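Chain naming follows the written order as A, B, C and D, and within any one chain the residues start at number 1.
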Amino acid sequence: MIFKDFDLKKLFQLMQEHEVSELSFKDGKTEISIKRGREPIFVNTAVPVREAQATSAQTTAPRPEEKELETPSKSEIPLENYHAVTAPLVGTFYRASGPDAAPFVEVGDQVKTGDVLCIVEAMKSMNEIQSDVNGIVKEICANNAELVEFDQVLFKIQKNG
Amino acid sequence: MIFKDFDLKKLFQLMQEHEVSELSFKDGKTEISIKRGREPIFVNTAVPVREAQATSAQTTAPRPEEKELETPSKSEIPLENYHAVTAPLVGTFYRASGPDAAPFVEVGDQVKTGDVLCIVEAMKSMNEIQSDVNGIVKEICANNAELVEFDQVLFKIQKNG
Amino acid sequence: MISKILIANRGEIAVRIIRAAKEMGIKTAVVYSKADKESLAVKLADQAICIGPAPSAESYLFYQNILSAALSSKADAIHPGYGFLAENSHFSDACRAMKIIFIGPKSNAIRRMGDKAMAKELMRNSGVPVIPGSDGIVDSFNSACETVEKTGFPIIIKASAGGGGKGMRIVDEKKELERAFNYAATEAQQAFGDSRVYIEKYIGSPKHIEVQILGDKHGNVVHLFERDCSIQRRHQKLIEEAPSPSIDKDTRKKLGEIAVKAAQSVEYDSAGTVEFLYNVDTNEFFFMEMNTRIQVEHPVSEMITGIDLIKYQIRIANGEELDIKQKHIEQRGHALECRINAENPEKDFHPNPGKITQLRVPGGPGIRIDSGVYSGYTIPPYYDSMVAKLIAWGTNRKEAIDRMKRGLDEFHIEGIKTTIPFHKEVMKHKEFLSGQYTTDFISKYMS
Amino acid sequence: MISKILIANRGEIAVRIIRAAKEMGIKTAVVYSKADKESLAVKLADQAICIGPAPSAESYLFYQNILSAALSSKADAIHPGYGFLAENSHFSDACRAMKIIFIGPKSNAIRRMGDKAMAKELMRNSGVPVIPGSDGIVDSFNSACETVEKTGFPIIIKASAGGGGKGMRIVDEKKELERAFNYAATEAQQAFGDSRVYIEKYIGSPKHIEVQILGDKHGNVVHLFERDCSIQRRHQKLIEEAPSPSIDKDTRKKLGEIAVKAAQSVEYDSAGTVEFLYNVDTNEFFFMEMNTRIQVEHPVSEMITGIDLIKYQIRIANGEELDIKQKHIEQRGHALECRINAENPEKDFHPNPGKITQLRVPGGPGIRIDSGVYSGYTIPPYYDSMVAKLIAWGTNRKEAIDRMKRGLDEFHIEGIKTTIPFHKEVMKHKEFLSGQYTTDFISKYMS
């Protein structure tokens, strides 16, 4: 069959390259269905909405629509295969317990379930955000002392252990 | 199967080239479905615009967009293969020279170039509309004593002679 | 000086507040639930902050995230809009505790007007006419009987914490009283967690007349005349107009003065509305309640007076003294508002959310649109169904109605069903045209 | 009584006329060229009649098909809008000959005001101040020299049949005069088929002030105050406002009276505009010309007076007597209009027709949109480039400007370039904000 030497990654790359948005295929009696081109996605340029990129769960590849709506992110790391720790509440993000204290974690650190990753200050109260997995911190996605939205991705962690 | 010597890349290129947005295919009993073009066509439902369906020339099959915009027409005869005589000016359409006179032509009549087909009254002046072909009148497309627009189809004639 | 407002609301009122703030050079941050990330308010605000998932209880009603968003985004004031937290004195207290300006009246005014039975009592003591009925709460069937002896039938039992028709019962005869009393208390308990009810003389076919108020923190209170909001369906206003076609000049003056008195009795310091029942037969009016917030129908008052109510709300919250005196406030012409809801009027006004595939809004002279939607927008199913407010102004009532008809004809929405056909019917109805319609108009003529 | 109007125009003004007629309960038929079959006017009118191919000469300027369409569709009146046939006395004569009411002034008024040199002469005789210059036509270089001896330099040579800057020459010195005179005459001949020119004293940085007039067939004439249309680019108005920020109350009164006098001198019986040059240094104003039609910028006058000019045009054409007296016409607040054109302001305002893929128009208080486009509409390349008029009203000039800024920010058009960025620049320009800007504003500050 035509997919013989194909792996999925290559297929997706190919689809992306050619703006193919849907493809379905059946082998038994060879069914193919391909869809190209997208709905014109409205990209909000006026307001910098910081999008919550994923929920606090093992994430899957983002759908192309979601990709479009991301703000120019510092992130070069795709969410696939990473675990996202998101903000459970709105507030100000702090990487350390005080102005002179060392950050709770840095990129590359090994963390385990229950380790404090950061603080989100909400209404003058300090809320510790803990890791819910064991793994290595791959990216810190929020800026110190800045507002984080509900469900905003704060850390990407590569699970292990 | 038809995709035998095809690879997907070529297929995508081909689709892109031809703005094919959907393609489905079934092998068992060879089913094909292709969808091209992207924009939903706006169909005017609010105002009954009487569309001029064709110019005074040998007509070709109307494009789908034009079909969509046609008013519910009395016509069951497709324009293909017929010659359309259209209104060269705006006015009131009369099939006869006076209220008691016989119509200039009826469906089925043989007409020749120069024969008067109808009158369009514009600003109190009577304008004779002549046939510009030889042929048989297949349909009279306007109602007696009613307004005809610029370029509105008045007669469909099957050319001969 | 307020330099940034956090808007704790959604839909058209969030957009309305953004517009006022923009014109004043004030920055805006709007909060939104995950269901509202494509909303017009999110597109128009300077900043947008997601505060929770779709359900209101976890987003638009969830103080903590809203206050935290205000603090972290460095907003110095919160505008609550209407609904949600607008008349919640705990929330306004919490704002104050966080040193954030709550754009609304002082908490005490919210509290005193929020308890409907207490508010009636207060009004009675301030010399504002109230409907004959119980002195505050009726806590037993016996005390209900005593009240009814004074008022006579028919009477209406209402929940003290209530609104929206919940916990209400109309009673025509003595023998129905006990049963109705128990039902009302149970329903009030279920709906508001508060079983307290009170009793009023029931006026069968009244008009709902309300007076727009502006009070500042310096003791000044003015009114912007009345609105007639008698076109209601199950206590939901659908069409409002100003001035009321059945109020004459003298009554207007008197109503305005009484409304000002009502506002002054609670040292009211924001935009608010004093609602009256108007008995068209006897020409009497009675205080019903005071809404301590901006209202959906505020644009009709703006259209006839030229005064931007939201801007004044903000200025007042900022401590500024009212720069308009009563004598400077003039009416010009007539204005109507139709609430266009995503509901199917052919199917008992069942909500009809979905994607607006094509939208053309009316324009031209005398037409104003307050809306939170746009072509391509998908209306989420979680919140109220209002899509747009169509407001029409004319030099007189006839011209305003003719404009409204024209605007409704022009309004072109594809993808969802709306109440536009319903409004078209009302606009040509003889009873509506006469101006003499009362709150039973819809049940009487349009069902 | 007029029961059906044929609209011999396109774009936003066709829509504007449909709106007025609808509100009056009058049926509408709109004519359209083959390029305009998807236009908003075609969608909104009761009937739409194709009258020819895209080029104006074969459609919107082609009397025969337009009159024939009116007769065959049983319209009893024609509204010409502005441009095209609006100031063509032959067309209005032809309407009359066909017993169709021409919604505009009598042909004689069109003719007398259409010949600019003749109109000036007429005004001078009626006691209306005109710019010093030639007594009518200057038919030779010698007679030009005589005129200049009286007026002094600088002078401007203008085409008598003219408009739009064609056939105009400004002359600063005697030695340039002969050459300029010949150029102007040649250009006038080429542009209008009429080489006649006249000479005026040239005022360097004037304001363009115009007064809106309404006259009826019973001898009544009123004015609706002035508009300031000094923001122009190559004699094309881009922004208009009312009232003018540099006219005081006394001057306003005087200007209004003079404009009424000008209209009365030709027994003017429709909506019209008397245009003046206003010398801000000397506080003098001079009659320029009278436009015998509704103008693009009429909404700003409607916004401050509440009067619907198109409806009055129709009523007057119908023979009705004006039901408003001068003393009843009051100004309220301030209004601005920005003409939003499909032009690229970054590329010398080059027209930029094309498909509007997404459109969100501003709304809310004080905002009015007069437009002939919608989301998904393709602007044809054959006609003028105006996409929409954005009109903002405020209680004072500052609020109107703040509203306009907010409206421009909100206006979201995808698919074509527009002049919105240009308008935003003007709205924050110090000179514009001062209100003292003159007709050279754009060449001086925005080029």
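The rule is simple: a contact is a pair of C-beta atoms (placed from the backbone, for glycine too) under 8 Å apart; a residue touches a chain by one contact, two chains touch by 3 or more.
If you're wondering where the values come from, they're calculated on a predicted model, not measured in any experiment.
Student: Counting one step per pair of touching chains, how few steps separate subunit A from subunit C?
Tutor: 1
Student: Once subunit C is fitted to subunit D on CA atoms, what angle does the rotation have, in steps of 5 degrees?
Tutor: 180
Student: Once you find the CA centre of subunit B and the CA centre of subunit D, what distance in Å lies between them?
Tutor: 41
Student: I'd like to verify one number: the distance from the centre of subunit B to the centre of subunit C, where each centre is the average of its C-alpha atoms, in whole angstrom.
Tutor: 55
Student: Taking the mean of the CA coordinates per chain, how far is subunit C from subunit D in Å?
Tutor: 43
Student: By residue number and range, which residues of subunit B touch two or more other chains?
Tutor: Residues 42, 46 of subunit B each touch two or more of the other chains.
Student: Among the residues of subunit C, pick out those that touch two or more other chains and give their numbers.
Tutor: 44, 358, 376
Student: Flag every residue of subunit A that touches subunit C in the complex, lowest number first.
Tutor: Against subunit C, the touching part of subunit A is residues 42, 44, 46-52, 89-92, 121-124, 146-152.
Student: Flag every residue of subunit C that touches subunit A in the complex, lowest number first.
Tutor: 34, 37-38, 42-53, 59, 64-69, 71-73, 98, 376
Student: What part of subunit C is in contact with subunit D in the complex they form?
Tutor: Listed in rising order, the residues are 15-16, 19, 22-25, 40, 44, 299, 302, 306-308, 332-333, 358-361, 363-371, 374-376, 395, 399, 402-403, 405-406, 409-410.
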